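Two complexes come next, and they have one chain in common, chain A, joined by chain B in the first and chain C in the second.
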Partner chain A sequence: MTALGRGRPYLYLAPTLVVLGAFTYLPIARLVEMSLRAPGLGTSLGAWTGLGTYATLFHNPLFWRALGQTCTYVFISVPLTMALALGLALLLNQPLRGLGVFRTLYYTPVVMPTVAVAALALWLFNSNGGIVNYFLARLGVSPVPWLVSTTWVLPTLILVSIWKNLGYYMLIYLAALQALPLPLFDAARLDGAGPIARFFSITLPLLRPTTFFLSVVALIASFQVFDFVNLMTQGGPSNASNVLVYFAYQQGFSYLQLGMAAAVSLVMFALVLTLLGFVSWALNR
Partner chain B sequence: MTPPALRFAGVGKRFGNTRVLEDFSLEIAEGEFFVLLGPSGCGKTTILRMTAGLESLSAGEIFLRGEPISRTPPERRDIAMVFQDYALYPHMTVYKNMAFGLRRHGVPHVEADARIRKTAGMLAIEHLLARRPHQLSGGQQQRVALGRAIVRDPSLYLMDEPLSNLDAQVRSTVRTEIKELQRRLGVTTLYVTHDQLEAMTLADRMAVLHEGVVQQIGPPIEIYRKPANEFVARFLATPRLNVFDGAIERDSGHLLVRTAIGVFRWAAPGLGAPPAGASVRVGLRPEEIKVAFASNAGVSQFPVELVELLGSQVLLFSHSGDDQLVTCTPADAVPAQPTSFAIEAAGCTVHLFDRGGGDALGHFVSA
Partner chain C sequence: MSRRVATYAILLLGLLPLAFPFYWMIVTSLKPKREVFTSTPEWLPAHPAWDNFATAWNAEPFARFFVNSVVVTVAIVGLQIVLGALAAFALARFEFRGRRAFFWVIMAALIVPVQVTFIANFITLAHLGWLNTYAGLIAPYAASAFGTFLLRQAFLAVPRQLEDAARLDGCSGLPFLWHILLPLSRPTLLAFALVAVVTHWNDYFWPLIVTSNNSVRTLPIGLGMFIGQEVTTDWNLLMAASLFVAAPMLLLFFFLQRYFVQSFLRGGIRG
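What follows is the complex of A and B.
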């Protein structure tokens, strides 16, 4: 084979590698550099500070609070979304009439713009005169301070994001369920397995690849929660809904601490990678 | 008196307006190997699925050892089924596939282990116990599927075309094994197939179905010798039944049937034969036709259009008018390159069918 022939595969890979390098890997390297220096505005990267920025970051109680709140958000919203999506998919996988309508209804929020959903949620969950509290009042429940209480704000954000994203996870689970071979379930019934045993012994294990894919997608997406926070609460009240990405955004674009913002982003990056490694290990055991 | 192992009483099935099965009644004795034979869409698989509980009944009742079962969910019927595509649990090892049903039925761990190992030994799949289904060949998967049924020790086996996904060589081996195992275990078996060879070789008794209606029930040899109608005769003929129009005539006291390919006579005064003058359909199986190759004057010759060598036997294809004529003859009786053949009426087995409904009117060996 000629030298050109041997190099040919790399030639084909080059366009992708160039684009990925320029817009992904190079910025990541730049981010690492930024976190180790004291960059100002403009093009100057400033003096080297070593790990000083990280030391400052780890001594900032707001960072730890944002990290804690992000984790709460992730570890409640991901399992809840997955479980609800699977439950819905199981319901919608029945041979009943009018299910197409329900499938469409559950998927509608996914295609709605986030800003519209946020505006709608602000109106629904308004503590004074919001429609949710109005109906709760008619049921005799006293008004809930949805977005204005430090206790309720995170659960409310979780609720809104689940409502927005559920349809996507449901649809993927539904597609996976419909691809499962039916004779297996017939065989399991004759082997004496009732509906619950069939679910845990056949359905759930066979859905494992789908569950893996969806947990990865959900973990990454929910760690990066930003839009609902920015649109609905700006991290408040008193930082009760401040999460890592919003914290980084504040550091970088409100306080112009670009080095700090870079450090936060990298810590988050490492956290997500570790978590994905764990999920991959747990589901492929 | 002990009730039959399995009894169908007036069982019917409709899917919407489509009638799949009509007034199906049958008794299967304890330990019997019963085969449902018919072309696809005849309702045989529906019968199996209704017995398993995977399909509801539209009419009638099914009794398992005297107990009505149509309202018992499949998980509580004491029935094991072997599926056409095996339906092995892909995420479980062979061992766990076999253990699943035992565990669900509350068999203690030690006993389950002993039963799995014994069954695996019987089927020669001990070395496969730790493997997953996708690591097995078709024949091995089939054995595991059988093992999963056998290990349960149920009161009834249902088998839905279990051999149809295997290649010819493996199929005949597994067929023999199934028959042998069923004899040894003595478990009542209901087996569905569209392959008449499988039905003939496996069945103690069989039923031939067509469009949801039972055509004939009986031991294979009886159905082969005396098909109840033209459909059954056609279905049990390989490669195909020769059918010609015929007329019953009386010649010096003897009854005979005259056809385009020859004249066939009753040896004795035809008992129960149609009256002279009746017009009938005459069916002859390829292997029931006697063929001669010496050209005798006055005997009609049929040009050989195609020769198929099956090994010990040879198929010769020809025509009589518009009707195709196929014969099956021992290979050593056929010359090297046959150009034409004649039919020796004497010794041919002849089946007579009603020209209207196709019901059998009589069967005889021509004199």
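What follows is the complex of A and C.
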């Protein structure tokens, strides 16, 4: 083989490696640098300051609040979405006619832009003329201040995100269910295992790789929650829906504290990596 | 029998909260302003106001945003396919030093979200003078680890004998990729392209970071600005605008849903 022939695979890989290097890997190094240096003029950097930025960040109560609220959001929406998705997938995995229509309809919100979903949710949950409160009134429930109360704002955002994302998780669980070996279920049935026993002793363990994959996807995605917050609440009311990415965005673009924003991003990245490590340990034990 | 009825009943019940918002979005978008706020809701607009769509479309430079969205989405997805096919070709059909390492370097990008890197990328693009340009919107997404992975899976499935036979006929290297691997991987290619089109058409975060000028803003950013202006007033116009921003993806999905479903079956999700 000629030298060119041997170099070929590297040549084919080069464009991808350049793009990922420039916009995915180098930025991490750059974030580290930014977080350790004082801000300079415009987008340039000043003197090295050590860990001062992190000290300031860890003394900022709003950071801890955003972190806590992000965790609440993640640890409620992820298990809830996955449990609902699995339930739906089990229902849709039966040999019944017309289930394809349901599968399509349940998946539709996934292809909607987050911005359109945010606009729609703002209207549905509006305190002035929103249809959700109208339905509640018909049921004799007093109006709920969905997006304008510090207690209700996070649950409302979680609800909207479940509505938007459920179909994706449902479809992947469904694909996994359809690939399960049927003879195993027949054998269990012959041994007298009921549907509930079959679910817990066969289905759930066999779905473990899928559950692992989906937890990873869901954790990464939900830790980054930003669109709905920026579009529907701007972190409010009184920061009750401020989350890490929104906090970083504010630090960077509202207060021009680029080093602080970089530090927040890195802390968030470290958190996601730790969580992923934990999930893979827990599910691959 | 009873189990079948129960299944349908639960699915229909679940469909209500899922489908009602769509219905309400469409109905609201067709209402004249005086029918939007009524003490008892108007379930159907008495006088459908079709011109809401034209009014909303002209309330902002949505035509400009639409063109920008098309250019950016097409460029991103095109680049992702070209770069992904080349990288996947190398990873799937060549023996070379560091192949495993390169594979994992590319896969690791999947766990570095843009929401982590955005500040650094913003600075990089500022130094390149790429803020408020198509290049700035496109470049960070020009390569896709997910796409590379899917195409590699598809290329791996093509038997070795086919490659040997093609080589005997004088077809190797890039012609082999173009004439044999890619056509054989068409379902994967289409499935990936669909998911990528939806992702980047709908993307709000990155365009929000790099654009501050209507000449390069995309539809989601335009709609986001519209939300800022119209909230608490013209819900009919906002719903109309939301519909025309979402419509291309909804249409794409309804006509090609078979391939959407396949994209997940092919996603290598079996662990």
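The definition used in the following text is that the second predicted complex is superposed on the first by the 265 of 285 C-alpha atoms of A that agree within 3 Å, B and C clash if a C-alpha of one lies under 4 Å from a C-alpha of the other, contacts with A are read in each partner's own complex, and residues count from 1 in each chain.
The rule is short, and it goes like this: a residue touches a chain if its C-beta (ideal position, glycine included) is under 8 Å from a C-beta of that chain, and two chains touch if they have at least 3 such contacts.
Fair warning: this is a prediction, and the values are worked out from it, not measured in the lab.
Participant: Following the overlay on chain A, give me a clash-or-fit verdict for chain B and chain C.
Facilitator: fit
Participant: First (chain B), second (chain C), both or neither: which does A:S201 touch?
Facilitator: The first partner, chain B, only.
Participant: Touch test for A:G50: chain B only (first), chain C only (second), both, or neither?
Facilitator: In the superposition, A:G50 touches no partner, neither chain B nor chain C.
Participant: Should A:P9 be classified as contacting the first partner (chain B), the second (chain C), both, or neither?
Facilitator: second
Participant: A:A193 in the overlay: touching chain B, chain C, both, or neither? Say first, second, both or neither.
Facilitator: Touch partner of A:A193: chain B, not chain C.
Participant: Would you check which partner chain A:G140 touches, where first means chain B only, second means chain C only, and both and neither mean what they say?
Facilitator: neither
Participant: If you stack the two complexes on chain A, which partner ends up touching A:P183: first (chain B), second (chain C), both, or neither?
Facilitator: It touches chain B, and chain C stays clear.
Participant: Of chain B and chain C, which one touches more of chain A's residues?
Facilitator: Of chain B and chain C, C contacts more residues of chain A.
Participant: Centred on chain A, what angle do chain B and chain C make, from Cα centres, as a multiple of 10°?
Facilitator: About 80 degrees, rounded to the nearest 10.
Participant: When the two complexes are placed on top of each other via chain A, what is the minimal CA separation of chain B and chain C in Å?
Facilitator: 13
Participant: Which of the residues in chain A come into contact with chain B in the complex?
Facilitator: So the residues of chain A touching chain B come out as 181, 183-184, 186-194, 197, 201-202, 205-206, 208.
Participant: In the complex formed with chain C, which residues of chain A make contact?
Facilitator: 6, 8-10, 12-13, 15-17, 19-20, 22-28, 30-31, 34, 42-43, 88, 91-92, 94, 96, 98-99, 102-109, 111-116, 118-124, 126, 128-129, 131, 134, 163, 166, 171-172, 175-176, 179, 209-210, 212-213, 216, 220, 224, 226-227, 230-231, 245, 248-249, 252-253, 258, 261-262, 265-266, 268-269, 272-273, 276
Participant: Within the complex, which stretch of chain C touches chain A?
Facilitator: Per the touch definition, chain C meets chain A at residues 4, 7-8, 10-11, 14-15, 17-19, 21-22, 24-25, 28, 36-37, 41, 83-84, 86-87, 89-91, 94, 96, 99, 102, 105-106, 109, 111-113, 115-124, 126-127, 139-140, 142-143, 145, 148, 173, 198, 201-202, 204-205, 208-209, 219-220, 223-224, 226-227, 231-232, 235, 238-239, 241-243, 245-246, 249-250, 252-254, 257, 260-261, 264-265, 267, 269-271.
Participant: Over in the complex, which chain B residues touch chain A? Could you list them?
Facilitator: 52-54, 73-77, 79-81, 83-85, 87-91, 100-101, 104-105, 148, 152
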